[in-house]
Each structure stands twice: as structure tokens, then as C-alpha cells.
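Look at the two complexes coming up: subunit A is in both, with subunit B in one and subunit C in the other.
Then we have the complex of A and B:
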């Protein structure tokens, strides 16, 4: 399974966490499609804590974190 | 001539009671812009670097920028510039709210406060009129109540800046507060106010807007363009309004850079409990905004039965994971206490975290704790020790109120103080984010995140996404961010505008308002000049090259948990690159660099 964590406004209607069958997703972009999130809604996409792109591969056991534009100081 | 300055500075000598209006030297103002730059230039020229920070010889400069009070975006900033009693170097604490704009509307570009009053006093400013009034009856009054009392006396239209009990007692972590919950928080500026027996400054202005703009139409156009960019930008347009700076808790934890238990760990499994998301769900009433700010990153929250200013990301992290705590209510309470006592809401919790590590390791004994042991995550310890640091009585309370560097030094373990130049490091682990470490090490005011916010490119992808784990090109980026920040601070705009705006937009605003003709490149050179005169102030104050360093823990102890496990700061690689980019040798500018920047007054010093 791949654990998908949602943050800020991306939690709306989705909750905090979702488990995705690893066989259904080859790249991070597949996860976005399964979660019905457009790539432009995501400002920060982390795979296991590292900045990644929708075309980056994902595998069983990965943790994907998705953030809309956030920031501060 | 209209040029966005009122060309007038008030010099107030509290020893003699003399108050005089001095003309602003426009050429000098334009060379250093105003605010942080001009404030430092004034103190450098007046020899303040050499004085004892808590003696009558130190001076406090309350200074606006040319854009303060203008219609440009987020233009409510003012700065308190002085010699810091915490670091022994330059202090420039920046605050929002409306006090700075009111000072400008009253017709003053800056106040220079000198000497020491014979007894407790406050300043009352009503446009041109400045008077020194008796403040003895207000001694010990908490900051928010002080604001109410002075408004009762001077009318609801005034704006109040004051110190709480911490500043009165010259606590080295004391902040200057304004408009109840805004703080010029860092470097102990509140202690300097206390040393002068100055409790508050009240400002009432007849003017409602800045009416000395050089080119009104050009500024209108520049404002329109900047607002358009900021509105379209997802962060300044919506993101910060929705969740405030607190939205960073989960991001920084997500990459494994959230310092936990005094930086012994860098990932907190329960961080969501004190995140922006949870703050919004449980306590948020509405977003709050400073003067003329379309961003509205502030958090107005319900705390018990009161509506108050809520915590920013920094106190959330510092009273949260750094102290082993995930109880949001306790963080809100401790943050409110910082506002009430007038305390630095970064320095105080970080010092409590250092004390908790000293307690964990058995150096601070239970019997020293006055019935409130410094145990990780103790809710009572966080609120009670904050109060004690705001009004210290015992030896340990005084030590802790002096910051983690002095505390840990006194216990023979300086390595547990997570500070630079004796100022506590903010909320991003420099082992996991290489560029921010350069800024922590070299910021002239001591460790700061707001002197070159490398988190923007290294974590948030603004204006481009850099790999946070690499050192390549970070020195150049850090220098550019530091220089642009010096410009924005000096203009009187909020640094957060730079999530959307760049040097060309700032040049358009400044040129329209002041009648200058800076190119974006020239503006960055002004920022370089400001950063260098700050460094020369520090040199004159006795700074040594070894003061540009990070705590040993960040250089030699790899991160122990989370996504960034195993990483250390590679400052040994980036610092020489940074000095080269600056034209510095051994931490200080060469004469050639100073001449190139037009700092002839510093050559040979």
C-alpha cells in the first residue's frame, strides 16, 4: 500500500490520510488522479519527505504528502 | 519636495528631557532607503557600537521606511534598531500592526531615544507635539492592559507601543509590543527600553494617509501591478490567509526538519496536533491583517472567553515539538503570556527547550525548579516558566530569561544552546536544509529566518525549487535573499510580499514614492550596502569571525529520526563560498568591497 497524506485545503472532502493500492499507481501523478486532485492544485509533493514531481515513480510502502500553496516565516 | 519621507526625526533625550526635531538628510536616507538601513547608519555614525547596551549611552531608533503608511501592499512595518543586550551586536526588530504607519502619519520618519529617564515615563506623540509623561502608575502592568489603559487616556484613535514586565526588568529576551499582539520581538529590544525607564510610546495622528509621494500616479500604477501579482499568487492571494504561517508545521515536519526536543530529533509524529490545520479547526475566529495588508496571515483566535492574537508558526513549533509538547491549547496560552509579559516568542520557548535538555541530562536538578520540573511536554512547565521568565525572581529564572546561550554556559554545557550570536535559532533544521544554515550563521542580528528566507526556494519552491540537501549555488542565493530582504525591511513593506514580488516590483514602488531611479540591480546593491554596514557595526562592537558559526550539534550530530535522518549541516563548504560572494575575508568586508558599496566611512575600520 501507499499512504497518501493530505494537508491544508486538500483535506477538504478527503480527510487526512488515504491508503492506495500500490498496483494502481506507477508514478505520483497516478496518485493525484486517483485522489481527483489536479497537478496545479499541488504546490509541494513529497515522496518519503523529499520534493518530487508527478512523473516520479512510487512503490509499495511509500508515503506521499500533498500540500497546496502554503508558507510563512 | 515630496519624496515619501517627512524629512523629520525626533531626538528625545530622556536624561535631560530635551526633545528636538532634526532634519532628515535626504541623500543619506536615499542611500540607505530608511528603516533597517538608515537606522543602522545613524547608530554606526553616532558610535553606538562601542557602548554598553543597557547603559544610558545606548540609543533606540524607532524608524519607518519611505513606504510605511503608503498605499503599497503590506506597508505597516516599522523597526526598532539598537545595540542588542542579548547579542552585543546590531538589533533590528521588525513589527507590523498600525503603530508604524501612525508614527509616519504624525509626520515623523524616526524617533531617536537617548539617555535614561530619572523615573518611569512614556512618550505621548500627537502630530508635531511630543511630551514625556509620568508612567509610574503603570509599572508592572501587562502589555495588553497597558494598551487599553493608554487608549482610555489618550483616545481610541491612538496606537500604543509598550513593554511588559519583562522589559521593565531588562530581561534579555524582552520584546517591544505594539497594537496588543504585534511584536518587535527579537534581540532584547524591550530590555533597552526598560533600561531607559521608557514604558510606552503613544501616537495619535491627524493625517490618515501618506501625503508626500513623489509621483502619485506612478505609485498608483505600481501598486495596482503589485496587487495584481499578489492576488494571482496562490500563497499571497489565498494560502496565507487560509492557514497563516502555521501551515508550515506539517510541511517542515514532512521533510524531517522540524526541530524536536531541543533539536535532538527533527521529526515529530504528532505535529498535526499543533498544526495550522488544527488551529483553524479548533480556535480560529478569522484572519488578521496589519496596516494595508492584502495577505492577512495573522490568526485571530478564541482562547477561553477572549478573542486574542493567535500563535504564528514559530511559537507553535518552539512551544510544540521543541519542548516535546503537542497540546495546542498550552501553546496558545504560552504565546499569549509572551504577548502579555512582552517576551520574544522564539527565544523564550527555545530557552525552555534547552533547560529541558539540561534537566533531562541531570544538570538542572528537580530541587532547582521551584516546584515545576522542566520535564519534556509538561504543560505546567511551559506556561509557568514563561511567566517566571517574564518576571524573574530566582537565580535560575534570571538565567533562563537571559537566553539559552547564557543558561547553558552557566551549566558548563554551551553545546545545548541552539543559538547563533547568543540568539536562538528559528524553526528549520539547517542539517536538512543547507542554505538556511548560511543565513543562520551570518545574519548580523544573530540567528534569524527573516534575514534571508532560504526556506522559500529550498522548501516552498519560490521562486524556483532548489534541492534542500545540496550545497551548490546556495551561497549566491543566500546573499541575494539577504540583500533583497534588507531592501524590503528598509522600505517598510512586509517581507511576505516577496513570496510574490521581486526586485523589479520593489524598484517600481520605491522610485514612484521617493523620486529615485533605482534599477533592480542597483536596489540589490543598496541591500548589499545595508548588510555590510550592519556587519561593520558588529565589527566595531567586537564581533569575531568565530561568531559566524552554527551550534556543534548541527555540524557533527546527524539528524536522528525522520525523512532527513543522517544529515548534517555542511557549513564548512558553504561559508567560504558565501564570504567570496560577499567580497569578505575572514567574516568582514575588505576595504575594496566597502569602497565599491560607497561605505567610505567604514574603510580602514
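Then we have the complex of A and C:
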């Protein structure tokens, strides 16, 4: 399984954490699709704490963290 | 030592308070974040505050913007900041600039400052400000809010942190903000700024993200 952690407004309607079957996701972008999140809704994507991109590969046991853009002032 | 700053002692040394009085900071934006940043910097006791905002107050600002009140709707945010500065701490030199940060004026606005505080409300202006900070060699203390979330970071000149915080293609979806989110974010920024200006050890290049809904704080990068 791949653990997906949501932050800030991405928790709305999803909760804090979701488990995704690793066989259904080859890259981080697949995780976004499975979680019904558009790429432009994610500002920061971390794989196991490292800054990553949607095209980066994911594997069983990974932890994906997703942060939305926060830009008000 | 000026009695006004006596309660700074114990948290700061007298020498650090003296150093702060020699510093000039630029505050980009006098809205939700900017109002609180200016208030905190005035009471902390920096030497000079330069603050820019081309906007005027509107009714929807009243839920969170410290400088706003029903009697000054339609008036300049930068001028309201100047009036507040004169009221709170007339010993601080305050320079209001009723202009938005643009590619044309950014470098000139921040030139000679010891730190730049980001209180802007859009990504494009932040990119302009960060670019100017790199060009002028001035550290930028980023801050941003959305709903229950506040984030802050120290970005040194030349660091690409802002590009990692806001990659190409992302857009702001929500304008939600609550009364307590801007002061929380401003406190993070001014704490970072104080360490920077006094020369205390400071880890840069991190983004601190605070979720006031779930009482969590993440350190990213």
C-alpha cells in the first residue's frame, strides 16, 4: 500500500490520510488521479519527504504528502 | 534603554534591541498579513519600516485586516498603516507607499533594506518580489495564508524555494481567511525576521506550514 497524506484544504472531504493500492499507481500522478485531485490543485508533492513531481515513480510502502497552494495575504 | 522596550529584555539582549533599531524592513502589502506584520515590527522596535500597498479597504477586509475599520472603507491601506505607526510607535520611521509591487518598482522599493516581508496576496507579485530580492541581495521572509492554514519561510537571495512552493501552473483556488490566521502567520514571519536581523542562528530554506484546524506544524524541505 501507498500512504497518501493530505494537508490544509486538500483534507476537505478526504480526511488526513488515505491508503492506495500500490498496484494501481506507477507514478505520483496516478495517486492524484485516484484521489480525484487535479495536478494544479497541488503545489508541493513529497515522496517520502523528498520534493517530487507527478511523473516520479512510486512503490509499495511509499508515503506521499500533498500540499495545496497557499497564497493569500 | 528606552522603557518602551524593557519587556523585550530576557527574550532579546539589549544589544539585539539596539541592532533592531538600526534595521530597515520592507513590508509588501498592508492587508491581512501586512497589518499584523507592521504592528509587530512597530512594537518590536525596528528602525525603519517601508510599506507598500496600492489597494484601498473594502467591506470584505473587515473580518481579518487589523488596519481596516468601517470608518475608513475606500481609503488607502498604506496611509492607514502610516496612521497606525504614528499612533503605536512614533519612534519608528515609517514610509508608506501607495503602490502595488510591480516589475517596474520592486527593486527600488526594497533597495537598501535589511529584510523584505512578503504580505502579498498573489503568486505573480511574489515571484516579482523574490526576483527583486535576489537582484538586490535582500533576504525575503515569505508568508501566506488560506483558510485555517499559514505558511512561512526565509528565502535567501538566489534560493529557488519560492519556485518549489509555487511551481508553474498552480493557481490559488480559495480566498478564504479567518481573523486568527493572518496574525499567526505574521508572528511566524516576525519571529524569523527577528532572528535574521539580530544575527541569531537561523535555518533557512525550510517552509513551515501550520494547520490551525488540526493543530499541526510541518517543516517541508
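To be clear about the criterion, the second predicted complex is superposed on the first by the 69 of 73 C-alpha atoms of A that agree within 3 Å, B and C clash if a C-alpha of one lies under 4 Å from a C-alpha of the other, contacts with A are read in each partner's own complex, and residues count from 1 in each chain.
The working rule: a contact is a pair of C-beta atoms (placed from the backbone, for glycine too) under 8 Å apart; a residue touches a chain by one contact, two chains touch by 3 or more.
Keep in mind that what you see is a predicted model, and the values were worked out from it rather than measured.
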item	value
Partner chain in contact with A:69 - subunit B first, subunit C second, else both or neither	both
Partner chain in contact with A:44 - subunit B first, subunit C second, else both or neither	both
Which of subunit B and subunit C A:8 touches, first, second, both or neither	both
Which superposed partner A:33 touches (first subunit B, second subunit C, both, neither)	neither
Shared subunit A surface residues [contacts with subunit B and with subunit C]	7-9, 11, 16, 43-44, 46, 51, 67-73
Touching residues (chain side subunit A, partner subunit B) in the complex	5, 7-9, 11, 16, 43-44, 46, 48-51, 65, 67-73
Subunit C-touching residues of subunit A, taken from the complex the two chains share	7-9, 11, 16, 39-44, 46, 51, 67-73
Complex contact set, residues of subunit B against subunit A	233-235, 238-240, 242-248, 250-251, 254-256, 272, 276-277, 297, 312-314, 449-450, 453, 455-456, 459-462, 465, 467-468, 495-496, 499, 562-564
Partner subunit A, residues of subunit C touching it in the complex	29, 31-34, 118-123, 126, 143-151, 164-167, 169-177, 207, 209, 211, 213-214, 218, 220-221
